[in-house]
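First subunit A sits with subunit B, and in the next complex the same chain sits with subunit C.
This part shows the complex of A and B:
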């Protein structure tokens, strides 16, 4: 194929446009000045230390982590059987159900957040932690159903049938044949849903309460009053964490299959 | 003694259209029975009913007098091989083959011993540690067979097991299947759409069409004496014409042409006769019972020529020898040998 120089140029420009701000943040996180500045004068790791020592950030980080893991795990428990049923049985209105499960990814986050706020906080009056858990469970579920569902659909149904003829009950065949063969899909779905939950702002914003804030929310409120490189340092650490997870997904399943 | 007994099986997926219509078939112990037919004829559905993967709407399935109609698939102890082989990709070949035994809670030593023996029977020695991905199509096929056979099934069910192999391997594998089947003496149901494959290894063949069995006989009998027009067409009879019975073995066509047959004759008097293109004799001179016609098209078949001939009976396909070649427009005389003319039931 002929190399298209114009296209390559545009691709490079777009990439730079996306990538340079991230580089700036990385650089500014090492600056010595009390406000974010570029280029930096001097080099320090103090802001990282400050971020890691801050009670607000650490507790909201732990909360984000806990909610993310727990909500995603719950979503797996519900999502795996659901995606199996959607892949295997000609459920009536299957396409409707599929698009319904995917709706939180289509509806703007702020709307999802507001809706959940209306129901979980105002109507049901649930405690903040449980509210956050339900909210994050709901935004994780679509990713699980989509990713696990697509690996279930690729599975040869005859494999289960063979297992039955060899003496497996349906549940046993599911555990011994289906699950091991979609494990990479489950892992990737978990990672993807977790990253999404961890980085989610609108749902966390609406459902957080006094003393209980998720990391993105506490970052935002910190920035309202302080404009120092701590935020940069935290951003860099978050980027590294997300990149690490994405690398794991790429290694296990390939990003292309879940895009 | 009847071993497998299907009685009046009816299957319908949507409640409107029947996939199987009151299908009945019985098989003897140790037989290899093929279900042959075009796609959509219900052959795979029949196999799946036997396996227990489909519950029939009506009818019963008995094995050695035990009614298994309502017994779930995992309790039937039948071995099944699928078209896709459906090997478990996350398990080694030995683990794949031993899967059924592990479920039966056999000891490790006993599983290992049986697996080794079965791998040997199926020509898979030294492959036990590999994974399905690392095997060729023919080897995978044998693994699927070994996995089905190791549980010592009462019945072996094969769903088009050879259709994913190339032509040469297919011939080798069908001999292999026949060998293993005879060696173990296991009753086998074989689903296929390949006539040659099915005729070469079956003890009996059931030709299916539209959810019913058109004919159930030995391969030789089906090949020589089809009973219905569908079966005749399916196995290569080309020429059909209406006839009327006038006496024992005596028939007359609509134009008054006389025919004789030494083959079995159905009770109906108004019926259809058929003959293979290669069974019609081409002669130059007019004989007492010969039919005159003229050649319209000649095609080359390799070892012989095929002619399309217009006759008072309609257009007929006739194979000629390469010694005597006719040209388009030539007048020929056709003779129908009495032992080759088959009278159909419908």
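This part shows the complex of A and C:
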């Protein structure tokens, strides 16, 4: 059933289109020439060494990791209780509150970055780190509300009520009954929000400062003046990290949970 | 002894009633307290910055004015960027639909194991940084890139072509960026189309292609609309890809905004662009939402 040569051909071409460019990056990362070329001449791992020894890239990688984890954790702290309240109780204006929480996805990233830059950096004069944290918190929150929210909505709350009648306090029941039952949703939301924050460009572009840049932004500014395989090498390492993350998700929740 | 127990039970009972009344009373306000921190943070760091940036473009000393926006649309250079952004977004959405539907249909039809692999292969580019994905196309389209090297070597051209920093480059880079989104959205829809319906169509004499056209395509319209909103607004607001593949020669609204704000320090113009981008995004979202609802109603009426 459902076998059609035309469709199969298009599907094959689409996957080639999606993967050949990435394979090209992998190949060029091993070239010995100072500029990226294809086909490559020779074989070297120097570009990997150069990337790993670069202070700029390593410190921006650490900052990206740190901001990603912190901002997502902050979004979880704010977002999990909120999505519980929205799913559990009859809240007036529920749809409005929910779309308010999702509003960072409606406003273009570049606009979020620009207005935040004007407000936090120029007007309030907050340090760069705090600015980046707030910006990344904003873009992470909708993922938490959406993914954790849908687990919360599917939860059977009679369990929680049983715990209440047995004398469990509300907070204890929430921690002991509700949270463990939505843990896979929380994990999936964390992964999605973290990857999204780690990969984000427009918000980081505006909020980065001298010496404090996120990895994608420092890659961008490096590419402005250089065209060498260092970028290829970094790309390959990041793709390996992505694969590792996907493998981790597949082994724990199954990839369908974040698709 | 017995009496004592009864007494205790009664006590317990009143206590639990009390607790329940208290909790009913709390139910009214507690959820608002729980959602408040998030709402306050969003208000302070999303809404207020947005309003303080955009207010000056609408309110001046003379009161409400739209002159900033009228002037923006009077300028031919601005207009060319505006229309390029819309045009590129439309073309990218169209290509994503044309390539996405057959691919999603194919993925939904293969065995469970292969479906998992193909879904992972669709997800992988989505989780890969947009800088990397645009960088891939610099390697392909650049002056010393794969295409030019290949064509020069076999002698088709004797001068490298300008493929990079063109609208074509932005389009192909954006399709590359957003096609996986379209496929992911559509696979879910395609999986819900029951195989029996197709079999029925084919038993009744429809060729596989006719069955696809008459059964699958109409049923996948709502999913296609959802995917189109994501692809269109994504392309409209993407920054990395137009920056790397279009450069300063072929600007899109987002790169234009960045240039105005950061390089030129023209905040008035940047804020005007910001509001235009928000309004266009909202119009597309609302507009296609209305279309999707109409399609749904028609489906319901036909059923």
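Everything that follows uses one rule, which is that the second predicted complex is superposed on the first by the 248 of 259 C-alpha atoms of A that agree within 3 Å, B and C clash if a C-alpha of one lies under 4 Å from a C-alpha of the other, contacts with A are read in each partner's own complex, and residues count from 1 in each chain.
We take it that a residue touches a chain if its C-beta (ideal position, glycine included) is under 8 Å from a C-beta of that chain, and two chains touch if they have at least 3 such contacts.
Fair warning: this is a prediction, and the values are worked out from it, not measured in the lab.
Colleague: Scan A:162 for contacts with subunit B and subunit C and give back first, second, both or neither.
Modeller: A:162 contacts subunit B only, not subunit C.
Colleague: Once the structures are superposed on A, label A:86 by its partner contacts, choosing first (subunit B), second (subunit C), both or neither.
Modeller: second
Colleague: When the two structures are overlaid on chain A, which partner does A:41 contact: first (subunit B), second (subunit C), both, or neither?
Modeller: neither
Colleague: Looking at the overlay, does A:137 come into contact with subunit B only (first), subunit C only (second), both, or neither?
Modeller: Only subunit C; A:137 stays clear of subunit B.
Colleague: Counting residues of subunit A touched by each partner, does subunit B or subunit C come out ahead?
Modeller: The partner with more contacted residues on subunit A is C.
Colleague: Let me test your reading of the model: by the given contact rule, A:216 touches which partner, first (subunit B), second (subunit C), both or neither?
Modeller: second
Colleague: A:181 in the overlay: touching subunit B, subunit C, both, or neither? Say first, second, both or neither.
Modeller: first
Colleague: Pick out the shared contact residues on subunit A: the ones touching subunit B in one complex and subunit C in the other.
Modeller: 164-165
Colleague: Give the list of subunit A residues in touch with subunit B in this complex.
Modeller: Residues of subunit A touching subunit B: 156, 158-159, 161-169, 172, 177, 180-181.
Colleague: What residues on subunit A touch subunit C, complex-wise?
Modeller: Touching subunit C from subunit A are residues 1-4, 6-8, 10-11, 14-15, 17-19, 21-22, 24-25, 28, 35-38, 78-79, 81-82, 84-86, 88-89, 91, 97, 100-101, 103-104, 106-112, 114-120, 123, 134, 137-138, 141, 164-165, 170, 195, 198-199, 201-202, 205-206, 216, 219-220, 223, 227, 231-232, 235, 238-239, 242-243, 245-246, 250, 255-256, 258-259.
Colleague: Quick check on the complex: what are the subunit C residues that touch subunit A?
Modeller: 16, 23, 27, 30-32, 34-35, 37-39, 41-42, 45-46, 48-50, 52-54, 99, 102-103, 105-109, 116, 118-125, 127-133, 135-140, 142, 144-146, 149, 176, 179-180, 183-184, 195, 198-199, 208-209, 212, 233, 236-237, 239-240, 243-244, 254, 257-258, 261-262, 267, 270, 274, 277-278, 281-282, 285
Colleague: Can you list the subunit B residues touching subunit A in their complex?
Modeller: 51-53, 73-80, 82-84, 86-90, 99-100, 103-104, 144, 147-148, 151, 157
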